[in-house]
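Take a look at the structures below.
Each of the next two complexes has chain A plus one more chain, namely chain B in the first and chain C in the second.
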Partner chain A sequence: MKAVLDKSPDYASLKKKNKFINNLKRDVWLYALLMLPFAYILIFRYAPIYGVIMAFQDYNIFAGIKGSEWVGLDVFRFIFQQDSFYRALKNTLALNVYDLIAGFPAPIILAILLNEVRLAKFKKITQTVLYLPHFLSWVIIGGMVYLMFSNSGMVNTFLANLGLAKIEFLSQKVPWLMTYISVGVWQHIGWGTIIYLAAMTGINKELYEASDIDGCSRLRKIWHITLPGIKSTINILLILQIGRMVSIGFDRPFVMGNSLVSDYADVISTFVYRVGISSGDFSQATAVGLFQSVVGLILLIGANYIAKKLGEDGIW
Partner chain B sequence: MVSMTSSIGTKKKMSAADILIIVFIVALSFTCIVPFLYMIALSLSSNEAIISQKVGLWPVGFTIETYKTILSDVEMLYTLGYSIVLTILYTAVCMFLTICGAYPLTKKRLMGRNFILSALVFTMYFSGGLIPSYILVKNLGMMNTVWSLVLPGAMSVFNLIILKTFFTNLPESLEESAAIDGCSDLGILMKIVLPLSLPSIATLSLFYAVDRWNGFQDALFYITDKNLYPMQMKLYQIISANQQLDSQQGGEGSAGAYIVPESLKAASVMFTTIPILLIYPKLQKYFVDGVMTGAIKG
Partner chain C sequence: MNTGTKKKAAILFSTALLASIMAGCGGNNGNNEPAASNDGSPAAEASSGPVETLTVEVFDRGIQGQPDLNNNTWTKYVNEKFGKPNNAVVKFVTVPRSQEVDKLNVLMAANEAPDISFTYDGTTVTRFAKNNGLYTLDELLEKHGQQLKSYLGDTVLDYGKYEGKQVSIPAKRTLLAWSGLFIRKDWLDKLGLPVPTNKDELYDTLVAFRDKNPGNVTGVIPWGTAAAGMNYSFGNLVPSFWGPMSEEEFVTTTNWLKPGNKDAYKWLNKLYSEKLISPDFALDKTAKQADADVTNGKVGFYGANWDYPLTAKMREPLKQNAPDANYVPIDVFKNAEGKYIKETYNENGLFSFIPKSSKHAELAMKYLNWMADPEVLFFLQFGEEGVNHTMVDGIPQGIAQTGENMQMSNLNLDYTLIVNGAELGDTEKNVKTYAAALATGDKDYEKMAIDSYRINTTDGYTGFYYGVPNEASIKYGKTLGDMNKQMMDRLIVAKPAEFDALYDKLVKEYMDAGGKAVQEENVKHYREIKESGK
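Take a look at the complex of A and B:
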């Protein structure tokens, strides 16, 4: 009896091992396919994550990570004393908050309006036109903005013809901010509607019919049927956007910024580029990048947690 | 007079609210068209007219000199051809990796599937940042090679998950019957799954292609050799040339190294945009489908 008891676990582990090998054999093609994507992720996604240890070193490009001197948190201490870092952080947050306030509701409103339009052909044509800016690069958009809003551009010419004063869209604080934000809204508003329009097609038509019979006004239908129908989509996109509060794309601020507006246009991504790549302070720039990644992850988890606490769907 | 069919099927007249909505949408659509009209007008106008600010949405002092300049500029044409080849190469590499990654992960029986999926998804929310990637590209000896514009951004995990969703939604019975007939997993992928997923593969290829065509940041970081500049980088150099405002870039091109008239800038913007304007309307449906699938995935 004892012998049997002793032997049985061995037998089980042997069987387990066989099953493991059999599974490997059965799925050998699948693993072969996975090899390259997995290697890709390791090299181009996880190796840079390993590379963040540069932030804790006095990184020397010739010595590499292995040969560089460890400095603990000195790099972070140094950065947190820099005014230029706080300026970049503050500008990143400010631009993202403005983008959230102006840019987040815009596609929702446009989607609701488009959903109210019943002229199929008209809808199709305008949608094609409204989606177009999404496919333009920021370099193209930046070029257009420069040509249109410079002092001799179309908009100022138009203002001058009306007898109004010129506005320095590209060099004064408030006009520049307005330009930056509205161009962002303009670029995203059309494309952003797709996801909401898709959610709206999922709303039960009978709800609208029932409310028609009850004599509901259009606004009430939008408020009580359409908006609740797209609420979970709104939540998910809001969580994602809050998670991105400290991260900011590079192209848009870089192309639209210039030396006259750098006090409010220099953001974390352009700061990292300037400090890291232009000046070669790799440790500092890496530390700023790491700070951004970590805060971003915390914000995302936090927003997701709060959404779930409020009884909404999270992103995971 | 103007009537319409509501969702319920009854005909009703257009209300004031309907007209307001339509006016608003038309006005918004105009803001998407006006910049192009202005670019075309600038590019076809004489420099004198531009400097004296006479040009609105219609060319003044009509001339096609700037387009002649661009089309006879060997460098510009070279960059255009190079960008097209680069975009095709990038899209092919990305799609290959995405398909190889997405198909095995549809199989629930695959050992380690959840681990690999989590490892992929994690990279969507956390990254090492710009500088470690830059050092990596440098250490791999890819600076100033075409590979620096292909490999670091090859395969997006988001697209991989979209494709995995597509694959999962294919009818299972087809794959099962092929498996019973002795088809290997690779055979099933090649003979059944891929032919059935051509629309989704087209969609994702377009996403990748647009990303590459519009990509600028990596070229700014990794490329200093003019022969390897993609279109956007070339355009940036033209636009930022002699911009009194621009000094962030600092290096060659700015500081009045050479004068680029506004009409040439506008023509260059159009030259870079035209490929997109040509293909976009025909392919719009695929893009929209792609976003929808991404949305269903949630």
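Take a look at the complex of A and C:
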């Protein structure tokens, strides 16, 4: 990169327009590389927005968007009359709040613990092992959970052999929620940890040295140096997480849910799957998706606004 | 110098990236593309002119050891006998059995549905027809489908009409039994118990299975089942609890509101709480656990399709794991009138249709018509004499198969879209043939199949055919179907003390979610039919 900068001509002598073209010429390969993610976002994130029109139509899959009949807000009216929609919305928010409470601090704590480990080899191995579940598909995790936590699963057989009562991990409300949340934390913890560890390496080492001279204890160092050092990272991740509050992945609730817990496991994504893909009612599915995005946007802007008011950096 | 290297590196990386993306796409295409070209499809060298490709849906049932669904004895026969003379290649597009409607919806919406698609769900076909997404087949049938028309007959074809137009080709169902109930006779004998003939006797038997564990297995399951909706069922238990009602009520009222329906689930709930039913059945969404329990000889009693014990995936592992196990079909749910009423199938099976997006409608109709040829049908159902079956007294006896000769569904019903069940003329012969084919020479299984068919068509009733689509059902049908399954599971597992309140709550939710609308429309249609009948 240094070489590139060295070559840059004298800016002051150039007009604005030339400057732009020159910039472009100079970094043409970087821009070419940028085109790839740019094209990705354009094709997969912006182009599909066209399909939002379906939410305002009685969409006929054979006639397409051009040939379908406009119905205004009828689809939304129909959705807002359905109890199952409110149930899905409520469950989505509830599961996300629990996830936030349990899942957000976990990687921070783990990252701090790993950061304090002296043995580099142990640290690396632990990090890798913790990171591995991130690559497992939920279908596989679902199978593992069934084998371990069902009524005749490993854990319950063990409990029974100890003479203890069985716990219905997968069919009762509270145990199911606990299982759902903890399995989620187990899967995500490694991924979050890596981000925080990266942020920690950016903290100036001299601060630690200075605190050593001042006779700081380990906990003090964590409290006064490490945590403030990763504060902005925590902040941004928290804002993003809040923005995602209304959206929820499909696989996890779908795989872990079953008919006995449908009252709390049916979320917006499974609702959309059911009405959209299973019943073929694409208008309804689109309308719910649109609703979800709008609420998500409001939450994101709200969280960002509050963060800025509190004197922190927002995401923009 | 340095810049030059960097630039080169950048080009290298970006091309590498692009190349890998391309490769990724190419790889996917390769996977979707069926293997027809690899095996030197016979049609390719057949004649001049462009080769037409006909795509046909086929279920992927995920059977252990199944061959390539697009390259096996049956697809080769199709390509040889139908493809070659018509200068066409027939390719099969796989759809997972348990998600057939979901996948079909996606394929239809993307205009990528196979030229011949099918489903067992009549409502889905009606919805496609209503949205004007299907070919109207009257003319094609007249022109290219005479053989098919005379084979199916008007009664069967009527099931495929929408507003007077033929929109789908229903398969002819030759065997009408639906579900069956099976009990371990060897366990009964060991305990010196008779075959139960009513609910109370069954209850006592199940308790004995639980307490005395006659098979000496770990984790005995008196009554094995899986989550509602996959193969396993409670047979005709629920209808046996229904009280007397008028014909109109019987036909139009949703089951949840029929007199006595609640008692049926209450009884099941009691059995579950007394640990007589599979403890994890509601979590067993794919029925894999139930299959394993049955074939490992742990299950004393179960309800499933009337021919389920005969299927290779149940029969073979059971023989290996529990050679003594002897399941016999029984009729046990007697109602207050002393009858064993149970629902049987109408005369139609799956519905084949040609999506509007298809460019080969004529060829598709020719294909279905070709299949109605008795010789073709016989080969696809029974294969070659000496290889797939042997003839005994004019009845083909199946020979167990592996590899590319294997049939993934009973008598290849996924490849023979116009028929469901053996087709050799009269019912008795059909049952015998079907039994012989599935039992692959095992006389015990053959007898079991014949008994099971007789029992499971006794006191049968069929679903009422309105002949007109139910708009509410098109709109809410799938949601209600899902709710149905959830309700069954939840009611059975509920704590006995909470059962009554839960039942009322769930039924109310069901009615509010569209159950009421469907029922009202049913009543309306029913009365119209009765009026016009007078």
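The rule is simple: the second predicted complex is superposed on the first by the 269 of 316 C-alpha atoms of A that agree within 3 Å, B and C clash if a C-alpha of one lies under 4 Å from a C-alpha of the other, contacts with A are read in each partner's own complex, and residues count from 1 in each chain.
The criterion applied here is as follows: a residue touches a chain if its C-beta (ideal position, glycine included) is under 8 Å from a C-beta of that chain, and two chains touch if they have at least 3 such contacts.
It should be emphasised that the depicted structure is a prediction, and the values quoted were computed from it without experimental measurement.
Of the two partner chains placed by superposition, only chain C is touched by A:S279; chain B is not. In the superposition on chain A, contact of A:G51 is made with chain B only, not with chain C. Once chain A of one complex is fitted onto chain A of the other, the partner contacts of A:Q82 are limited to chain C, with no touch recorded for chain B.
When the two complexes are overlaid on their common chain A, residue A:L260 makes contact with chain B and with chain C alike.
By the touch criterion stated above, A:L162 is placed in contact with neither chain B nor chain C. In the superposition on chain A, A:I213 makes contact with neither chain B nor chain C. Of the two partner chains, chain B is the only one that A:S137 touches; chain C does not reach it.
When the shared chain is aligned, no partner comes close enough to touch A:L310: not chain B, not chain C. Contacts of A:A63 after superposition: chain C is touched, whereas chain B is not reached.
Counting the residues of chain A that each partner touches, chain B and chain C differ, and the larger count belongs to B.
On chain A, the surface touched by chain B in one complex and the surface touched by chain C in the other have residues 29-30, 32-33, 36, 61, 146, 150, 152, 170-171, 258-260, 262, 274, 277-278, 282 in common. Looking at the complex, you find that chain A touches chain C at residues 2-4, 7, 29-30, 32-33, 36, 60-63, 82-84, 146, 150-152, 170-171, 258-260, 262, 274-275, 277-282. Contact residues on chain A toward chain B in their complex (touch as defined above): 20, 23-24, 27, 29-38, 40-41, 43-52, 54, 61, 64, 110, 113-114, 116-119, 122, 126, 128-133, 135-140, 142-144, 146-148, 150, 152, 154, 157-158, 160, 170-171, 186, 189-191, 194-195, 198-199, 205, 208-209, 212, 218, 233, 236, 243, 250-251, 254-255, 257-260, 262, 269-270, 272-274, 276-278, 282, 285-286, 288-290, 292-293, 296-297, 300, 313, 315. Chain C contributes residues 1-3, 6-7, 10-11, 13-14, 17-18, 101-102, 105-106, 108-109, 124, 127-128, 131-133, 219, 227-228, 279-280, 282-283, 285, 356-357, 475, 477-479, 482, 485-486, 488-490, 493, 509, 512-513 to its touches with chain A in the complex.
Interface of chain B with chain A (complex): residues 4-8, 17-18, 21-22, 24-26, 28-29, 31-33, 35, 38-39, 42, 50-51, 53, 55-57, 96-98, 100-101, 103-105, 107, 109-111, 116, 119-120, 123, 125-136, 138-139, 151-152, 154-155, 157, 160, 184-186, 189, 210, 213-217, 220-221, 232-233, 235-236, 239, 243, 245-248, 250, 262, 265-266, 268-269, 272-273, 276-277, 280-281, 284, 287-288, 291-292, 294-296, 298.
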